[in-house]
Structure formats: C-alpha cells, structure tokens
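Some structures are shown below for you to check.
Across the two complexes that follow, subunit A remains constant while its partner is subunit B and subsequently subunit C.
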Partner chain A sequence: MKKNIIYVLFCFLAFVSACGVDDNSDSQPTDSYDRGALLLNWADNIIIPGYANLSQKLNVLEIASEDFTQVPAVESLEVIRNTWLEAYKAFQKISMFEIGRAETLNYRNRLNVYPTNAQEIDGYISSNTWNLELPSTIDSQGFPAIDYLLYGLGTDQETLDKYTTDENASSYKMYLLDLVTTMQTLTNEVIFDWQNGYRETYITNISSSASGAVDQTVNAFMYYYEKALRAGKVGIPAGVFSGSTLPQNVESYYNQFVSKLLLTQALSATVGFFNGEGATADFPSNGFSLNSYLNALNTVKNGSDLSSLINDQFQVAFSKIELLDDNFTEQVTNDNIKMLETYDELQRNVILMKVDMLQALSIDVNYIDADGD
Partner chain B sequence: MEKLVLLPIFIATLFVSCSSDDDNQVIIEPIEPIVAPADYTFTRNNESTVSFSGQSTRIFMAEEIISGLKANTTQTEASLLAMFDHQEGADDFSDPLLNASGKSVRSKTAASYDYFIENATEASEIKSMFDNYITLQATEVFPNWDVIAAPGVAGQIADGSSTRYVSPKGLEYNQAFAKGLIGAFVSDQILNNYLSPSVLDAADNVSNNDNDVTDGDKNYTVMEHKWDEAYGYLFGGVPEENQSNPLPTIGDNDSFLNKYVGKTNSDPDFEGIAQDIFDAFKLGRAAIVGKDYDLRNAQAVILQQKISEVIAIRAVYYLQTGKSSIESGDFGAAFHDLSEGYGFLTSLRFTRDTQNGTSIFTKSDVDGFVSDIMTDGPNGLWDVTAETLDAISEEIASRYSFTVAQAASSN
Partner chain C sequence: MKSSYKRYITKQTKAAPLAVFRILFGFMMLASIIRFWSFGWIETLYIEPVFSFSYYGFHWLPNLGQFTYLLFVICGVSAFFVAIGYRYRLAIVLFFLSFTYIELLDKTTYLNHYYFISCLSFLLIFLPANCCYSIDALRLKKIQANNVPAWSINSIKLLLCIVYFFAGLAKLNSDWLLNAMPLQIWLPSKYDIPFLGDLLQQSWIHYAFSWGGAFYDLAIPFLLLWKPSRSIAFIFVVIFHVLTRILFPIGMFPYIMIVSALIFFDASFHERILSFFSWLLKKIRLFRVVKVNDLQKEKSSKIASYVVALFIVVQLLLPWRYVWYPKELFWTEEGYRFSWRVMLMEKAGYAQFIVKNTKTGSQFAVNNSDFLTPFQEKQMSTQPDFILEYAHYLGAHFKSQGHQNIAVHVESYVALNGRLSQPFISPEVNLLDVEDTFKHKDWILEFNDTIQGI
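Up next is the complex of A and B:
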C-alpha cells in the first residue's frame, strides 16, 4: 500500500516536472507537435534558400574563374579569391543537410574533403588527365582543392606564373575551371531535386520513425555537428583523435586566415537550424524548430529547459572560439590548449543533443562510428 | 612468489611434526597451487622461456600482402602470389628480414594438425581460394582501378570519404582475403593446432615437459613453446617490450585477430572477452610449467570457445551493418562491410566445437552462406537482400549464446 502511494506521488511529481516525454497521455504513440510545420520551415526557409544562396555564390565564382583564366592578373586573382571565400561561407550554411540527393551524391565530401591532396592535383595537372567523377579523386576537388590552386602555389607572382608562363599553364586553368563547374553541377542537382518532387515528399513525411523526414534530418544534423564541425574543423587539427596536433589538417590550410571564419559560419548555421531561423530576412521563420519542439515537450534536464541549456552551451562554445587566432594552423602549433578547450565546449553539446535531445524526441541515432579500415 | 610464501610454512610444519610425537601427526604435503602470473612472463634459470618470433614474422608478412592487394601500380598477380607463398631469400617484401625468412603465410593456411592432417583435399581448396583472390584482384580489379564500379563492372565506389575497389559482383577481394586469413591462418593455427593435445602432447613432449627436458639448446620445453606459438598468433604484432602485457593496446597491433578481439571487447555486450582470453593463455602456460595438463586443457577449451565466438560475432556484425547500408542505398558502405563479412563467413570453418573437436560449421554450411549472399541476383552483392543477410545472421547466432542484436550493436 505504502509503495503504491509513493508510486502515485512519484508519477504526479514526474508529471508536474514534466519528465515524461509523451506529455499528455501514455496511450498516444507520438506527441502532438506539428512536424509538418517543422519540416516546412526547414525546407522552405532554411534548406532551399540556403542552397539557392550557395548556387548564386557559385555562379559568381564561376564568372570570376572565367575572367581569371582568360586574363590571369593581380586583380582577377583577387576577385576569384574573394568569390571563392563567399561561396565557401555559403556552403557552411547547408553542409549539414546531407539528405535526399545530397546524400546519394556524397555532396559534402565532393565539396569539402580536407586536407586536399596537393600531390595528386599536381599529378593530374602535369599529366593533363583527371576524372572528378571517380571517388578516389574526392580529396582533389571542391573548395580545398581551389584553396590550393589559389593560395598554395607560392607568392602572388608565382601563382600567376602557374597560369601564364608555366609549361602546364593551360592545364592549371582547365583544372581550376573543372573544379568550379563540378561544384556548380552538384549543387544544381541537389536544388533540382528539391524543386522537383523531393520537397513535397519531405514535408509530408511526418512519421516519427527512422524513415521519417524529421528523424533523417536530425540524424544528418547530428552527424554533421559531431563529425564535420566538432571533429573536422577543431578536434582533428587539435590532435584529439591522433595524440599529436595535425596543423596541416585545418579547413582552408593554404589561405590560413579564414579557418576561424568558416568555423564561425558553420556554428552560426548550426545554432540557426536549432532555433529554426530563416536563411535570410526574405525567409522568416514560421516559429517551428528543434528548440520549440523541446519546449513543447517540456524537456527539462537538471531543472532547466534543455533547449536553453543547448543554446547557452552554443554561446559558451562561441566565447571559446572568439579567443582563437584567425589562423588555426598557428593556433594549434602555438597554443593548442585553446583549441582543445573549444573542442570540449563543442563536445558538451554533442551530449546534450545526441543523448538528451534525441531521447526527448524519440529519435534513434542511425549512424555508428566508422570501422576505421 | 608463491614459493617464498610457502617456504616458512613448510619449514614450520616440518618442525612441528618432528619435534612432537603426539597423535595428531598431520603430514602436510606442500602443494603449490598453480596461479597465473600477472603478465605473460615465464622463466627458467632467470631467463625467459617465451618465444614466438616466427608468428610475428608471419603476421608481418600477411600485413604486407594485404597492403600489396591495394597497390595496383606496384604489384602484379605474380608478385602477390610470390609474397603469399614466400620462399626463403626471395625479394618479395619491403622488409629484408621477411625476405630472409624461410617462413610463409600460405604454408600455414588451412594447415592445422587437427583439421587438415587427413584432409589435404580441403586444405588445397582453401589455399586455392586465397590464391584466387589474388589472381582476381590483379586481373579484374587492377585493370579497372580508374573505372566507376557498376553491377557487373569492377571498379571503384565511394564509401563516405573512402574509396573501395570492388569486383564485378561488388566484392572487395582484399577484404575477403584479410578477414578470411583470420580464420584459415591465424585461428586455425591457434585453435586446431597449437592448443590441441595432438600437437602439445606429440612425441615425447609430455615426458620431456615432466622432466624439464628443454628443446635442444633452447631454454623452453617443446610443449611450452607450442603454447607460446598459439599466443604469438594473437599477440605477435605487439611491440616486443609489451608482449608480456599486451592488453592495453588490444585491437591496435595487427589487422587480424588482435584487431577483432579488440573490437569485440569494445562492445559492452562482450566486454571482458579480451581479459578472459589473456587470462586463459597465462593460466594454461602456468599449468604447463606446473605439469597440470588437465588445467592446461581446460584453458585451451576456454580459448577455443572465446576465439570461435569472436569470429562469429564479427561475421554477424558485418552482415547486419551491411544490411542497413543496403537498405539506405549506400552500396559503397555496404560492399565494404559485406566484403569483411564474406571473409569472416569463410573463417567460420575454422571455429571449434570443444565437445567433439570439430568445426561449429561444416564445409557445406560455409559454402552455403557464401553462395547465398552472392546469388540473390546475377550481380552478387549488388543484389543481396536484407532477408538473406538476416537468415544467415540468425543461423550463425543460433549456434552460440549471443543474439544477432548483441552482435549487431558492436562497433
């Protein structure tokens, strides 16, 4: 009898403090949050405008690459470098959405595997033979390969010489143009798919199961945050997985002064996605987000709203990033502790999101750590 | 250590029994219980009796071969076959010490006493299977190195940021080869050769061990050495200074059994299996020193059971991860897992049922599994279905005490 009373009390307390995930009734298999509206916000206000923005930046880069290869000069080099950076920043906004066509294209890897394989690129250029469709060329294309071709060939004059007086000058130009058009083609394929059926499939796939669009998007988001952002941009260069620092593994190794900028862009996009913020002022949020989903479920951890804990933790991570040098190669070489501290703060949100958030949302993690061979 | 502790008791006992003639005369025989040492260290006359450099040599040879299987520009069918069937002095490896050795991997493939001494036919078939992987890698895959793989077309396929090189049927021959060697070479030698009484007790091994008659000018008895050779197939890739205490780096010391004992051990469902294996190796070796052959055999049984289990767990694991990749349409990831699984399936042949001393899986079981995953359609792994992978997984797990779900949740 006593046991029963305690049990009832416990249940009551649990209900009041809203520990329960299914907040209204035990019989309902899923919650009542409007997943359709959530998917609509993601598709129409974040993902599709994000890709459109990248596509537009890539078109500008493409024009700059035409201009540069026609007249390689200090001015045209400056322009293509700037347009490359603008496109790279735009890429950071959509890199987390590796679903649908992007997933089958292996999109993120096609555009951003680093460190790039400079030796292989040199080989392709000197033999004037390459095929960017081959998976084995994945580390010789995308933004990091362009980084090498614009910043990794020596001084500005030495760089220009490669595109003018070098015996392989025409090959350098063709390779650079091929890199840019390949990124354009891949991006346009993803956009085409969203615009021709995938959006409708996506926003109506509201089931809360492994094949549901919410589960898939959140898994893609978590995988991105854990592997591409936390590990790729910070942990790997800081030596978290190797025992010693890997300064050559920073994002944008040849133009070393933008590694921090790219990380900041990526983390802003991550926070924006969590809070459901529209890609630009033209695409205002409809208010549906992971943040509001957690709040609707009254998800609490240690007495605080989980959504606030996650947002607060993002701010802590930003405050660590602020202390970093723009140049991450310098940072890990001279003061790796700050890089490791940044990693630790990013890692705390892996726990809050991958464990606590996914549990609250009843989403199973669909990826495992790679085998390593 | 035990001796030092027991000595005063022994003396005291003698003293008591000699100095009094009361009727309570108890003659305590100083039985020295056999206890495994803290690490795998055994000595005679203050010098180590442990030696397994031959196993290290063969493991290093096998490592070079599996690297060579991916070296399309520097290796050929002939050079790879020569590495596998190395002859003393031939310039097959990058390491001159391996070239100078008279040992080879092929001579110890499907070569255990218990399984193959009277079964040269199957031994020869299995050796040919590995030869054939090499031949097909060189003749089907190497020429298509820069071709994109498709059903019926060998070539490369993306697996995340990695690139896999597959046969026309989606099989990575190098993976089938490497994971197949874990059974046919490493485990067969441990389970069915060096841990078997037919090898440990051969000729006059027992009487020599009973009388501490060492092997020629060596510091070990033959029986001690045979046991160490079993140990060496699991720990021969460990740097020499850590070979007596190898668990801290379990999983990192080779691409063969060490690696997969480590991976199995990191699954919470099977945590501790590495320690169990190490403990059985130590206690069995101590039992040989203590001349307690029942205790030795009991440890051999533990090792045979645990290692047989590791092979089966990994087979099921890769079939299951391959299944989820197939279901999400990621053929590159699926082919890599299923090719590893294919190798582990062939390795099942070398597991051991310790009740009757034969394999837990017959030749026809294994042939059936391999055939099943390659014949759901005309193009092998391109066509394999989740149902087929589940059916094989269930069949394997049904012969053990673990479930498919437990094996699948490993990493």
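Up next is the complex of A and C:
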C-alpha cells in the first residue's frame, strides 16, 4: 500500500516537472488584472502610433533634406532645421520602447548617441567614405550628427558654404542624406516588424515570466527612464557621474536651445506611458496602464496610492524642469544646482518605480537567470 | 548521562536507509551539477562577474576563473562516486569541499538549500554510508555491514527536522501571518499558472498559504517522526514541495527535500528500494550480509559521533544568533543567513554610490553596472554587508585610478514586504571608514515600522 502511494506520488512529481512552470496556458485569467488589454493599449494606442508619427516626421525631414541638398539656401536650411526638430520630438515619444526589432537593431543608440563625434564626422566627410552600419560609427549618426551638420558648422552663412562652396560640399550633402535615410530605414524596419507579426506575439504574450511582454516592456521602460532620461539628459551633463559638469554632453549640443524642450517631451512621454495615454487624440486610451495596474493591486503606501505618489513626483520633476534655462549648456555652466535638483527629483521616481512599483508588480529588474529559495 | 550517551551511540539499526540516502543524494547532486552547468550558470554566475562578494573570513579564497569548471567536474564526479559508493570517504570529503568552495566563491548566490547541501555533505563524511550497496563494500570485506549506529540515520533525520522547524519558527511574524506578506506580492504575479492562476489572486488564498506554510514547517518533523502519521506526512511533503516548485523558481530544492524525507521510512521500505535497484542492475548483488565487527565499529564511530553531536548543537544554536543584534532582523539582516529563513521576505533596493574627494568636495556617482551583474546589484542593494564590501572595492578601484582623498557614500532605499521604500544606509557615513565585523552595523538607518514575532 505504502509503496503504491509513493509510486503514484512520484509519477505525479514526474508529470509536474515535465510540464512544470514554463507551461504557457491559453486560459484567460478572469479575476486577475487583464494584461492582454494592457499590452493592447501599449501596442495599438501608444507604441505603433508613436512610431508611425515619427516615421511621418522623418518623411518630412527626408523631403526637406533633399530640397536642402539640391538648393542649399537660408530658407531650405530653416526648413530642414525645423523638420529635424519635429522628428527629434517625435523620437522622444518612442525611445523608451526598446523591445523586439528595436532592441535587436540597437535602435535608440543608432538614432541618439550624444555627444556626437564631430571629429569623426569631419573625417568621414573629408575622406568621403563611411559606413553607418558599422558599430564604430554609432556616435557619428542619428539626430545628434544632424544637429552638428545643421548647427555646428558655424554661422548660417558658414554652414551654407559647407554645402555649396566647400571642396567637400558634395560629401557634406551625401552624409546628411545618408543620416536621414538611415534613420528612416531603421524606423521603418521597426514598424514593419510590429505590423507583421510582432504585434500579435506581443499582445498575446501575457506570461508572468521574464520573457513575458509586460516584464520586457516595463524593464525597457525602467532602463530608459534611469539611463537615457535621468542620466543621459540631465545627470551626465550635470556632472553627477563625472565629478565635474560636462556642458558638451547635453542633448542637442549644437542647437543649444532645445535641450529642455526635448527633456520635457521625453518626460511627458514617460508620464503618458505610465498613465496609458494614447499617442494622439486619434488613439484614445483603453484605460489600462501601469497606473491602473498598481491601483488594481491596491498598493497603498503610507496611506496614499503608489500610483499617485509616482504621478505627484513626476509633477515635482516638471516643476524643477520649468526653472531651467532652455539651454542646458548654459544651465550647467552658470547654475548647475538647478540641474542637480532636477536630477534629484527625477531620481526619486527611479526609486518609486524601480523599487516600489516593480516590487508591487513582482517584476524582476532585468532578467536574472538563477535559482531562488 | 555518560553511560546513556554511550548506550545511545552503540545502538545499532539496519543500514538500508542510509545506503538508499547515499545513493539518491549522490545522483541528485550529480543531476544538480549537470543542470547548473547546462544552464550556463558557471559562466554567468562565477566567471563573468569582475567582482565577487566574499563571505566574512573567506576573502582569501581565490577565484579560479576558467578552472571553476574543473571545480564543478570534481564536484560532479565525487557526487557520482558517493552515489555508487566508490572510495566513499574520499568522495564525500571532496564533494563537501568542492561544493562548499563553489558556494564560498560569491555570496550573491547564497541559497538556504545550497547551505543545506553543504551541511548534509559535511554530516555524511562522518556516517558509514558505504557499508552496504556500494563498490567499497564489494572491495573491502572489513567495512561490510548490514547494521549501522542508529545515531547516524537519526542525525540526518534531525538535520531535516531542524531545517523544517526553524523555517516554521521564522514564519511566526506579523508580516507573514497577519499581512500574508510576501505571498500577497508573489502569488498574484503567478496569474498564468493553469488552474491555479485565478485562485492565486484571492486574498484568502494568500492567508491560507501563509498559515498553511507555517503550520506545515512546524508540524512536518513530528508527523514524519511518528510512525502512524508518516505516510500521510510524506504525501504532504510531496504536495508542499511540488506546489513550491510550481510557484517559485527554486530549482532542485523541492526534489532534494522530497527524496531526503524518505529517510524517515522504515528499513523494510528501503530494503525494497534496494532490491529494486538490484533488479535494475540485473540482479548484481552488491549487498552482502555479514556479521558486524562490533568492537572496531564502535571505536571508529565514537569520534564521529562526537563531531556529529557538536555539529547538531551548532545547528541548533546558529539560527538564534540574531537575538544578540538590536533592531529589526529583516531590515538589517544581521544573523539572517544560515538560519533556514526560506522565502520569508520580499526586499527590493536601490543603491547609488557616491565617490567624494574629501579635500576638494567634488563628487561623482558610480554606475553599478560597470562593476556588477544585475543579479549582484540586486543582492547588493538590500544587504548591508554587500554594500560595505562593494564600497571598499569601489574605494580601492578609484584609488588605483589615481583618485585621492576618497570617501565612498551610498544613497540607498529599500522596500520591504510591500512597504514604501525608505532610506536604508546612512548617506553621511564614509563607508571606507567602516570595517565589516560581526558587531551591529549602526550605519544602517532606522526601520520605521515594527515586525512582531520570533
């Protein structure tokens, strides 16, 4: 008798270890938070429209770059500069979604490594050879490289001279065109992937494991907020990681008057994502977000909702940003304290989200592959 | 007293349970090593990290680099030799040393169940587990025996009882029982488990699991020891560990505990297992019934019995050492490890290290991912001894880079069992001025809450 019981138990055990925890079930949980709807909101109302918007802005930029290189003049320079800024702003809305094709393409870095390597760009142009596919050229392309080519070559007249009378004028044009085309190509690759299968994979991947879409998106989001937004846009120029300020490391160093604008765009996109707001009015939210997820889990901390604490903290960060100069190079050079204060307030939300929110959602920071006990 | 001790250690019992235990333990360890290797964890956990966190007093232990693989080979081969009982004593010593060496390499990977394996293999060094059903027993007539001292099997049972009972005691706290923490956080995230997913969202389930878990841990030793309840207790053991296997990523541990619990069954049951093994081995009889040389046996096992008795006493006392520390155990983790506090809390943290120049006042923040793996960073950010060791490492690193008058501070926050994150380590303290000791770490900030209980 005893032997039989043990035999049955071992069979049960073998069965469990065979199907185990990696099993993906098709059954839709009813009582738990609807992650499918959450992913649907992220994909259909935020991410895909965000990329589509960027792609459209890049198209406009592409046309402007063709016009400018055909007839470099004050007017066409003005147009390409404006379209560059519009695309840069649109980019801030989707930069945090480094998942799927974007992740394999290293998309964020291909489009926005700064400070750009002006010396290297000059070298490419004077030698008339470059290959933007090479990892070594990562700091010579994307928005910061265009920033250099449109704002970093001197006065407006000096800039126009580079594209007209300079001995490398054709090389300048080619490089500029190549930069824009590369950004457009990369963006379209990401969009193509979302439209051809990845969206379906994404919205149905409600697994609770580290490979689940919610885990991956939230991790990508946290990484972006901590490294790209908090550190990249504010902390690094303010010298938080270097001991002395690095005014040349601001985003959009050559057109210095939009650094704050880009940061504001990025932070509103962050807040928008947290609250599940659609990319534009055409894509209204379905109401599912990290905010509502936290509320569903009823994470009350010290008498107030964690989601409100996080949203309030975003507002505090915004109020600090408002006090900053449009020009961050000026800001860190003349009054870095304000920049550091902004960093501190952004940092508060790293803690509230990375520590408290991820704990509440039971999401591991990054993918840690090891046993627990 | 002395005579009763003597009477106890000379008492004999059938050797079959010990032989079965040795065989299953050996093969499970071999499987664990192979599993660990196949997941690439030797590389990611032991070779890739540029820095490793060492246990107090084991800083001198060299990191073996690529030779770590050799260590795992030794560990695996010795586990196999333990299983087949070939040069058992040497094999189990090698297994204990190599396994423990691996664990000492980096305390980031500390798990209670790894510590349990170290304890168990240490214990097995002193037990005559190769006296039957082993290659050794085939080779050497003088070690053949079908009886062993009763204390040898009892010591394994006792160790298992200690593990369960202390794990149960640790659960008797207000977070676990009154707030169903941390299960209230962990269980809902397992929404995609078939059948159970929806149930795991229910609050009453969190409480049922918390109370059930505590009751299980406290009661199971006695239910396994008492013969009438043994079979039913074993069913509970299987259900409990299978549940934990489904709910949590705990690797081989459930299987090891289930197999270990077999030791509680009678010799007749183990003899049936052994005859099943014999049948598997195409009826090769490795088991010889021979008369025990009582005199020799007693002499050799006497010293062993003292070592084992001392070991058990240490095991009984070690989990209580936290009592000597002031402040909240879960917060400071002083006396937390090596005490069977299993899956007891959900702790998450964030630690931003600041390197200051004390002369010029200039400072910069450290990017942890330059030095630590995500796993190391996660473990470091919630444990004061890790934070201190890492701070000293950073100090040495930046000194070697030519920085002078260095002070290392940390701005850290920790959230414990769903509470809002709080500042963890005093940011005022230059961690380079602090040495790691077993004394209370007064640079840990106050935990602004109370957790009642043992």
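Here are some notes:
FYI, the second predicted complex is superposed on the first by the 335 of 373 C-alpha atoms of A that agree within 3 Å, B and C clash if a C-alpha of one lies under 4 Å from a C-alpha of the other, contacts with A are read in each partner's own complex, and residues count from 1 in each chain.
In this text, a residue touches a chain if its C-beta (ideal position, glycine included) is under 8 Å from a C-beta of that chain, and two chains touch if they have at least 3 such contacts.
Nothing here was measured: the structure is a model prediction, and the numbers come from that model.
When the shared chain is aligned, no partner comes close enough to touch A:285: not subunit B, not subunit C.
A count of residues in subunit A touched by subunit B and by subunit C gives the higher number to C. In the superposed model, A:240 lies in contact with subunit C only, and not with subunit B.
Of the two partner chains placed by superposition, only subunit B is touched by A:133; subunit C is not. Within the superposed three-chain model, A:104 lies in touch with subunit B and out of touch with subunit C [touch as defined at top]. Once the two complexes are overlaid on the shared chain, A:113 sits against subunit B while remaining clear of subunit C.
In the superposition on chain A, contact of A:188 is made with neither subunit B nor subunit C. Overlap of the subunit B and subunit C interfaces on subunit A comprises residues 366, 368-371, 373.
Of all residues in subunit A, those touching subunit B in their complex are 104, 106, 109, 113, 131, 133-136, 138-139, 366, 368-371, 373.
Touching subunit C in their complex are the following residues of subunit A: 2-3, 5-6, 9, 12-13, 16-17, 20-21, 23-25, 27, 29-33, 35, 206-208, 212, 235, 239-244, 297, 299, 301-302, 306, 309, 347, 350-352, 354-356, 358-373.
Across the interface of their complex, subunit A is touched by residues 146, 148, 156-161, 163-164, 255, 321, 324, 329, 332, 336-337, 340, 411 of subunit B. Against subunit A, the residues of subunit C that register as touching in their complex are 39, 41, 44-45, 109, 111-113, 185-186, 188-194, 197-198, 200-202, 231, 234-235, 238, 242, 245-253, 255, 258, 265, 269, 272, 342-343, 346, 348-350, 352, 355, 357, 362-367, 374-375, 377-378, 413-415, 418-421.
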